[in-house]
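Structures follow.
Two complexes follow with chain A in common, the first pairing it with chain B and the second with chain C.
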Partner chain A sequence: MRGLPGQIGTWLAMPVVAALVALCLAPLLILLAYSFFQVDFVAISRDPTFANYVKIAGSETYRGLIARAFGSALLVVAITAVIGYPVAWFIAKRVTGAKSTLLTLLLVPLYSGDLVRIFAWRVLLGAEGAINRTLMWLGLTTEPLAGLLFSPLATHIALTYNYLPFMVIGLWLAFESLDDAWLEAAADLGAPAADRFRRVTLPLTSPGLIAGGLMVFVMVAGDYLTPQLLGGASGITIISAVNDLFGTAFDWPLGSAIAWTMLAILMLCFGAGALAIRRTALVSEGV
Partner chain B sequence: MTTPDLRAETDGSGRAQRPLLEAKGLYKSYGEVDAVSGVDFALDGNSYVTLLGPSGCGKTSILRMIGGFEEITSGALTLDGARLDEIPAARRPINTVFQSYALFPHLSVLDNVAFGLSYRGIPRSRIRPTALEALKTVRMEAMADRRPRQLSGGQQQRVALARAIVNEPRLLLLDEPLSALDRRMRKDMQIELKDLQRRLGMTFLHVTHDQEEAFALSDRIIVMRNGRIEQQGRPDHIYARPNTAYVADFIGGAVCVPGEVVDRQAVDVILDTALGRFQIPGAPPLTAGMAAVLCLRPENLSLASDGLPARVTHCVYRGSDWIVECESAGQLLQATALDTPPPPGSDVKLSFDPARAWAAAAEQGVSA
Partner chain C sequence: MYRRDLLRTALAGAALGALGPASRAYAATDILWMTWENLAKDDYLAPFFAANDVALTKTFIGTDDEQFAKLRAGGASSVDLITPGLDKVEFYTASDLLQPIDFDKVPNAALLYDTFKKTPLGKVDGETYGIPFYWGINPIVYRADLMDEEPDWSVFFEGDKYNGKLAMRDYALEGIMIAAMYLGIPESEMFDLDDAQLAEVKKVLMIQKSKLRTYWNSIGDLTNLFATGEVVCAFSWVPPYYDLRAKGIDMGMAKPKEGVIGWCDTIAVPKGVEGERLDATFKLVDYLLGPDYGKMLAVGGPYAQSTSAARDMLSAEEQEKIFISDLSIMDSFVWKKNPPRYNEWVALWNEVKAS
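Up next, the complex of A and B:
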């Protein structure tokens, strides 16, 4: 009888596990299999080969696009972290009554669609947009700033705006479990404010930083709508390349290989992040 | 126990040196609530002082103001004669042992202790040995590489102590440091704390709600109530000469029989109570006409062949003696008896030495 509740749980979980395997894992594995095939004119040859991966490694375009995707992701993680720290600290430590209101407000933009948010940025950043008009009205410029929209700047502003809530939520959770007594102890022992952040706040909130950072990282690396709609000429991403390979070029094997390369790098990042979270709890700084 | 001299308030040594820390009219309010309503006290060098009082009496607020974690609403704090309130916590030569210990969970025991040393201009090569030395002082050097969470409460307590004293502060603040420990561990730590204070020659200011702890540790006790100091002085003096019924009750549970002062004669007062009229020593501010209480502790009251008529209501055996609860003239009293007392319901006589009894101010009385 004692084992029964546990067994029931196992059986109840089975449909979900089956659904995950069938709908999530299986397609990925099919994709993995495709990545070792080759396109032979209009047919697909099923002789296993690494040719697609060799092609990616040898192509400056694909390498560059992959590097840019992760570079952008890292940059946005850094920007959201810098903005997120004070916001999360404020919500966790300085707000008492309106905490849930503020958190809801933080998430409200996520309830509207991606496209709506992206087009809202067009309205703000465009040549006839709110920012340019204001600047011209103030007399700071005589003609609209051209680099504002359809540029990497516009892309990164929108990406930061889009994914900031995930970083803030991660950091907020970390701050909620950060005991103020630790910071008081650090001050008591003589640490100035900057050192209190570096030696106490940062290491003790790092699980939240890593968790929030990973979410932002993955989502920015996989975002192709924002660069496409706001980035102008810079809007080609590795994801849109995959899209073209599957859709227009009918080169499923190469598309699968790129997708799996991205997936492998992301999994490595996740592994490293998970390891880092564990390390923060176990390893100490040396004297 | 010798009856302390009433004028013993100056501690007898007659020193006129400047106190280490001085609080004048210290006041702290949180919005509408006053946590500390104007207290004055001074701490001498090389002494163990406890701030004693129930929770919410303002003792922790005082500690936090001295540590620099709370701003002073009004009044002044000086350390070695210099104003303390403008100096941030990080630059005060004061260290704190926090109630929760607040050990850094991401650092080893050794790194916790070494944390403050990098801000004291100690050469890098000396940091590790100095931290180890401090861990030795609290007998925790074997745990140097552990993480705080791998230690027991008592061990964490020792590490927190080492982390504070390694910085050689002028003043060490201890915020209910023993409250998280079990009773046995608490007794051991009390001895160690007192011993440590004597060896280091530092001043310890210890906040507690446990009067036994205060007695075990202190050279001087400051009894607090509702944000004010009710009485301060040597432990034996406070025990034998409580100013108010509150102190008498809070310190060592005296039975307080209400009465009125009829006359004052030097040290003594004539006190009228339901038990009769007595000439006994009384708190200095008491004068004729004031409401007062007769403080009788169990050890001052004994069964005798002659004295106050009383009836035994209950007996408690304590091993070394008996506590006999009696009723006399509607008052519940407690006496001690070395031999087996008569059973409940028996009529007995109680006697006490008037010189050892004490009259304290009744409620809403004086605050010294």
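Up next, the complex of A and C:
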């Protein structure tokens, strides 16, 4: 009798598991298989080889683009963390009545869609955009600053704006579960504010920081529309290179190998993140 | 009573709505055309539907590559007509995805311009698999009010007057063709570049990159960049020239003497289409090469059909607009072809962009 609810739960979960396997795992495994094939014009040779992975390792372009994707993701994680930390603290610890309103407002830009937000940034950062016009009106510049738009700066401003809510949500959850009694105890024991932050607040909110950071990291590493439309001549990303390989060049095997290289690195990052969350959870439990 | 009447009316309406398409679907032969949105406008096709009991489903493509990827991945069985570029038909025939065109069922094909009759592209062993459909050029489009003189390809490689004000299409094939034309590489060698020539091309493309504002991916986006003055000159498609002139901006269109890239899209029938569907498909193909469609495409596009069917129905100005007033101009175009080492071209293009 005790096992019956558990069995029902297992059976009920089966369609979800089947859907996950069919829609998520199977395509990834097919992609993995393709990554060991070779292409000859439009024919795919299915003799397994590591040639594509060797090509990626030997190509300065692909290595550089992969490094650039993760470097860019790390930078945006750092910026969103610095901005998101006080915002999340404020919503969790200082706002009482309008908490849900503030959180909803935070998410409003996400309802507008990627392209709308990207073009809104173009309007702001362009040669005839609001920022350049204001700077010229104030007499701070004599001609529009070309570097504001179609530059890595524009790309990173938009990426930060796009993904900041995901960092704030992760941090807000961590701050909500932070018991203020820990901070009061630390203060009673004479710990100065900086120490209270470093030894109590930061460790206890780090699971939120890591979870939010991983979300932002993955989304920035996989975003190619923002760099393409705001990054100018340097807007190429490893994802747009994969797009070229799958589309224009019909080199599905090399495209698959790059996709799996990215996936493997992301899985390593996730593994490290999960380990870090587990360690901080053990520390906070006093183990 | 009011509520009951309303429900009755709604139910009757729903029943009629459901019956309408169903009865039509049973009466007509359904065919599916995978094409560009601007080619399948309802008014362009209205005369065809008025004369034939055919129902058409349209699937729009964003790029030629996307179309090939869909068919190559197994989508050919559900599609009756596709619209590949003349240079890309080889991809489909090598993948055994197409059936030859039955010219007995396409009488308007007799009116194909000589350039398209003679082209070896789209053919295998004398059989035509992709029949030229419509064509045009990809010129340099520029803001005449912001440039001192008509540019040629050198504007993308020399001088610094327009640095940071230029745009190039993000497409390896055309990007490398332009570099080759600038370097004076003849058309006979252009699609079969050796290592030394590719190295030269890469060198000038790196110079070009330093002068660009951006690489463009959508023609709507490029039109916006022209309108806002972010870009003053670009390797472009024709539409921004007409669209922005209509809005009062002084635009120019340059056809460099070193060569202008000509493009042509074909219509092709996937393997496996047969019976009534095949007959209906060839009827549509014949209509697409005929005078009614050709006139509407010339006026509405403005694009030129590959046949002369509508030529005499167009005014001199309309002919000029689609480059058919003097047909000898076609001989000066460099028609796009598929390079045998295209994967290396794409890799080179990405190397330049990532540099």
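Note that in this section the second predicted complex is superposed on the first by the 281 of 287 C-alpha atoms of A that agree within 3 Å, B and C clash if a C-alpha of one lies under 4 Å from a C-alpha of the other, contacts with A are read in each partner's own complex, and residues count from 1 in each chain.
The rule we apply is simple: a contact is a pair of C-beta atoms (placed from the backbone, for glycine too) under 8 Å apart; a residue touches a chain by one contact, two chains touch by 3 or more.
None of the values given here were measured: they were computed from a predicted structure.
By the document's definition of touching, of the two partners only chain C reaches A:E128; chain B does not.
Look at A:D179: by the touch rule set out above, it reaches chain B but stays clear of chain C.
Shared-chain residue A:L229: touches chain C; no touch with chain B. In the overlay built on the shared chain, the residue A:V200 is in contact with chain B alone; chain C does not reach it.
In the superposed model, C is the one of chain B and chain C that contacts more residues of chain A. Contact with neither chain B nor chain C is seen for A:R117 once the two complexes are overlaid on the shared chain. Legend: residue contacts after superposition of the two complexes on their common chain; A:A241 is shown touching chain C, with no touch to chain B.
Legend: residue contacts after superposition of the two complexes on their common chain; A:A146 is shown touching chain C, with no touch to chain B.
Contacts from chain A toward chain C in the complex involve residues 39, 41-43, 61, 64-65, 68, 126-128, 146, 149-150, 228-229, 231-236, 241, 244-251. Interface of chain B with chain A (complex): residues 67-69, 88-91, 94-96, 98, 100, 102-108, 110-111, 114-116, 119-120, 127-128, 131, 147, 163-164, 167. Those residues of chain A lying in contact with chain B across their complex are 179, 181-182, 184-192, 195, 199-200, 203-204, 280-282, 284-287.
Only residues 63, 65-66, 68-69, 72, 91, 94-95, 164, 170-173, 209-210, 212-215, 217, 221, 228-230, 342-343, 346-347, 349-351, 353-354 of chain C touch chain A when the two sit together in their complex.
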